[in-house]
Amino acid sequence: MTRLSVGLIGLGRLGRVYARDLSTRIPQVRLVAVADTNGDLARQIGAEFDALATDDPSALISNPNVDAVVIVSPTHTHRPLVVESLRAGKPTFCEKPPALSLAEAETMAAAERQTGTFFQMGFMRRFDPGYAAAKKQIDEGRIGRPFVFKATSRDPFPPSLSYADPKSSGGIFVDMGIHDFDLARWFMGDVAKVQAVGGVLVVPELATVGDHDNAIATLTFADGRLGVVDLTRNGLYGYDITTELLGTEGTIRVGYIRETPILVMTRNTIAHDTVPYFMERFERAYTLQLQNFADNVLQRRPAPVTIHDGVEALRIAVAAARSCATGQSVDVRSTT
Amino acid sequence: MTRLSVGLIGLGRLGRVYARDLSTRIPQVRLVAVADTNGDLARQIGAEFDALATDDPSALISNPNVDAVVIVSPTHTHRPLVVESLRAGKPTFCEKPPALSLAEAETMAAAERQTGTFFQMGFMRRFDPGYAAAKKQIDEGRIGRPFVFKATSRDPFPPSLSYADPKSSGGIFVDMGIHDFDLARWFMGDVAKVQAVGGVLVVPELATVGDHDNAIATLTFADGRLGVVDLTRNGLYGYDITTELLGTEGTIRVGYIRETPILVMTRNTIAHDTVPYFMERFERAYTLQLQNFADNVLQRRPAPVTIHDGVEALRIAVAAARSCATGQSVDVRSTT
Amino acid sequence: MTRLSVGLIGLGRLGRVYARDLSTRIPQVRLVAVADTNGDLARQIGAEFDALATDDPSALISNPNVDAVVIVSPTHTHRPLVVESLRAGKPTFCEKPPALSLAEAETMAAAERQTGTFFQMGFMRRFDPGYAAAKKQIDEGRIGRPFVFKATSRDPFPPSLSYADPKSSGGIFVDMGIHDFDLARWFMGDVAKVQAVGGVLVVPELATVGDHDNAIATLTFADGRLGVVDLTRNGLYGYDITTELLGTEGTIRVGYIRETPILVMTRNTIAHDTVPYFMERFERAYTLQLQNFADNVLQRRPAPVTIHDGVEALRIAVAAARSCATGQSVDVRSTT
Amino acid sequence: MTRLSVGLIGLGRLGRVYARDLSTRIPQVRLVAVADTNGDLARQIGAEFDALATDDPSALISNPNVDAVVIVSPTHTHRPLVVESLRAGKPTFCEKPPALSLAEAETMAAAERQTGTFFQMGFMRRFDPGYAAAKKQIDEGRIGRPFVFKATSRDPFPPSLSYADPKSSGGIFVDMGIHDFDLARWFMGDVAKVQAVGGVLVVPELATVGDHDNAIATLTFADGRLGVVDLTRNGLYGYDITTELLGTEGTIRVGYIRETPILVMTRNTIAHDTVPYFMERFERAYTLQLQNFADNVLQRRPAPVTIHDGVEALRIAVAAARSCATGQSVDVRSTT
């Protein structure tokens, strides 16, 4: 088996999961190099997985032993790293969101067009067995034509203020909502108009950085069909990602709220646990996504999730944030 | 509408429910008389529902204004009252179990044969919308031919010692199990052999009256198919009646464990309530059963649940109790 | 027991259910008169329940044997009938929505103020054991302070065009949404702003009368908390009413989607049935609501659901319809 | 990291899963050799995972590069291979059941005692996150003292006749039931008495080899507590492993019946898929079990599942088979 030699940039929480996946769970890949601006961290992870370590992402990108680059560094670094990697001719995977601004994201899209280098956008939900099965069933006509898209995303607790700061996270619509906006496009097509509301209802500190802890966005798709996305950074009981497609022949609901298959039945009460967080819910999806990236590169298949998908999901998120700020509905297609 | 004038004998817990049903929920019936050996109780209930009250069941039975008799008095009184009522030519309904001994039950069966008077045995589960729908679907072939019968009956807490005393309740197999044994016969046919175990595992006082708090009986049907019934007097979390039929084309499971349609989702836990007790679970079944009795009498239809059904369910229960006592499997058909 | 002699106006689908409830399920009430402009229907129902029948609602209202009036006639008749009944000094119950326009509803409120006659607005969900238990638990602090309200209402199939016509039904926001808007107020308080979208996505004929088959409304409560209501006239799989309250200490979800307690498990598939329609889902709530009305009148207790509740829920519905028509968010409090 | 060099014997269905796990999912292990009497198969799997391949298990065991041996060959080969491996001083893992007869299993136990070599018995359910969490909660007192053990094991379809043949599989009680009998001992302690019934109810061909397709065993534990295990080789709808412990303070139920987190809601029906088979249900448990084996060997920890556990679970299975054959209850402790 020819293995793809991968370099990984960014060793934060998710980066370390990617390091483990690339090293131990994806047979067609070898993790050959890791980079993080925190050099100590890079060296530690490099040692753990027998990979070259550097604090200079550019060195990793230009390393001739690196066949392909996986980028999971902070969002504001995506544009320069992706552009550099594409220009170096290295097939590149980049975690969502593509960037904090549409201008940056479009620069990335332009680099992809100009270089013709393979690029795959990270939206792991598309690789979750639940969402993948739902897509397949819908494509096969199981529920007829979907006409309403409903999505709920609940984090169990708010992130740190420094993470939530819209200057680095993009704010609740970009940081959390982009997953649901991508699902909306995947299942239903482009969105024409968005109306959104948001508020600081539970975590007053979030107001100091300008983010919301709860938000709701209604979507009007280009052909008039409807959608709604509700987001909370304070689900409290656990991590709950639920999506519904109402179709002319039926409805599909994806999601679950119990982690361990145990019911505890005590006096007058029956209880179970909850899904702790995104790693438990989407562990398999993350692995399958990287596997798919490696397969696509090795077999010269087109990327199933493109920079265009990243740009357009970001466009909805940016439009939603503007609608929320202005109280007006916002035309997505003219949002820049 | 011609209404059936009904007399009700026995005003204990269930008797009072029957009084309410007969008075207010069954349009085709009029409750004209109530009897209980506790005359004060009879007078109180009689006043509440505008019915004649007496402490003498025989007076009720012989009252010419009473068209039909419903008997829900303690089990040891079933035989004499049923026989008297049948001999008086009054269509009679009697709550399960028919009697504490097979000899008594067979005397009742003989009286029914000799008098030709209408008799209906009370097994309310057959009138529960869940069980009725399961029966219909199985009869229509939805799961092919059922080959295994599984039933679980859990009371939330043990009854009083005086109630549990096998001398009045018949013991756990007769008192609780008879419902499941009747379902077994209804869904699968006659039982040839039973093996049972039981124990006093949680409520030591039960040992003083000779009852068990937990028991399990395996059934071999006449044609070799299999069944299992497990019983507990100490379900604790709530009342849980679950029945499964495994068939050649599928399985049907009847039962539920949540009473109120509420999920409460708190930190790391999702919980709901439980079914409190049999009145909540089978309230509708009790009403439908009495309605069915009235319709059968008024429209001269045969009883869907006969004294034979009562005798045979009791026979399995008695055989199970013997198997439990002896540690040997017991032939049901030769049990007397 | 003193019984309340009730007259019932309106014998359509729901009216006949009320007739049955008033006659047979509510001991403290006697149904003494029924009225419907369809005199044949009135006579038929009157005969069935031993009640006086008339095709003239005014005659029923002025009948001295009628202590209290229950109005379940078409919405456009609510205002004149309620005003007449209140002026006649008869305690009055009126089914939702109070009227098709705010002006009419406010006329009804004025009549109630001027006459001081008892009036109770019909919002049966408040009497559903599920919603009532949720309210109780929230009031007791089980989930802390609720900060997001989410409601989904799905009818299994669209109504007739003549029913759906906004000139008689008020349109999807008034006809269906008003239940959710009332719940929003009941659980969270007054709504300041609403944004809504709607469309004819599945049932093109609805466009001919000017109604929508699907709609979504986001709510901003007076204190900034958020809500969202999604409505479909074409749930298809069944009737599904689900409501969630997200609170600072947890979330409560009310609703269920299985009618009969049966799982059917066939090759690779486990299935159950669905809730057919509102009568199955809220049968008990309707009965409890009328019982509550009778108790309130007999015991001179204030109405738990007032004309003010009707007016304010209607105000949100009217605001939502306007937002949907204009694409702008609408201030609820200034909506007239 | 010091890695354990493991040799794997047996490359059937489960053996290939173990090969993949040992090669790619367990960082602390290296798969260095594989053996199967089918030499072509051995060479193919060896090539796939860069491991030495042989058709001679003894050669693998004596290979000095093999630190530890994992045995997942057919049951009748367990005894000689385990004994040989233990005598060679190689830490050994052997898949359940230990052997087809108690005599063989006891020979294995004797070899373990005599050599003092590390041995771990394979009962993967103990490593399933659901069962492990249940055990932990019960040990922590969450349900008080368990007094009834209930277990259901359903295969979705019968195995091949050659597999089912009791001469190689041990029959339904040994092949399937041993998992439940091990759980019974793990949760509750030793079993004193077993009563069992079985039959060929659905798959008549099974009669030709002398196996049953359905069976039920009731257990009386040494201290009088009760248990029941029901087994079917024809669950049909899917793979369903459900276990309940009733305790003095509550009940714990472990199990699930939906594989993919999708509900499909069509007209009047809501459906989901089922768990296909044991690999989907216990994939993680198998991996965790091998990981645990490697950790125990590397860290010189005692085996959490011993040959004694294997012998005693087999003893219950053999006793159940005898009870089923004779119709008598069987004393487990005197079963040889």
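Worth a mention:
Should a chain be cited, it is by its letter among A, B, C and D, assigned in written order, with residues numbered from 1 in that chain.
Just so we're on the same page, contacts are C-beta pairs under 8 Å (C-beta built on N, C-alpha and C of every residue); 3 or more make two chains touch, one makes a residue touch a chain.
No experiment lies behind these values; they were computed from the predicted model shown.
The chains in contact with chain A as well as with chain D are B, C.
Of all chains, the one whose CA centroid is most distant from that of chain C is D. The interface with the greater count of contacting C-beta pairs, when B-D is set against B-C, is B-D. For this pair, chain A with chain B, the centres built from the Cα atoms lie 57 Å apart.
For the pair chain B and chain C, the distance between C-alpha centroids works out to 39 Å. Multi-chain contact residues of chain B (touching two or more other chains) are listed as 236-237, 249-251, 265-267.
The touching residues of chain D, counted against chain A in their complex, run 24-25, 27, 129-130, 133-134, 137, 142-143, 249-256, 260-267.
Chain contact summary for the complex, chain C toward chain A: residues 147-148, 150, 193, 195-199, 201-202, 214-216, 218, 220, 224-226, 228, 230, 232, 234-237, 246, 248-251, 327-329. Of all residues in chain D, only 236-238, 257-258, 265-274, 276 touch chain C in the complex they form.
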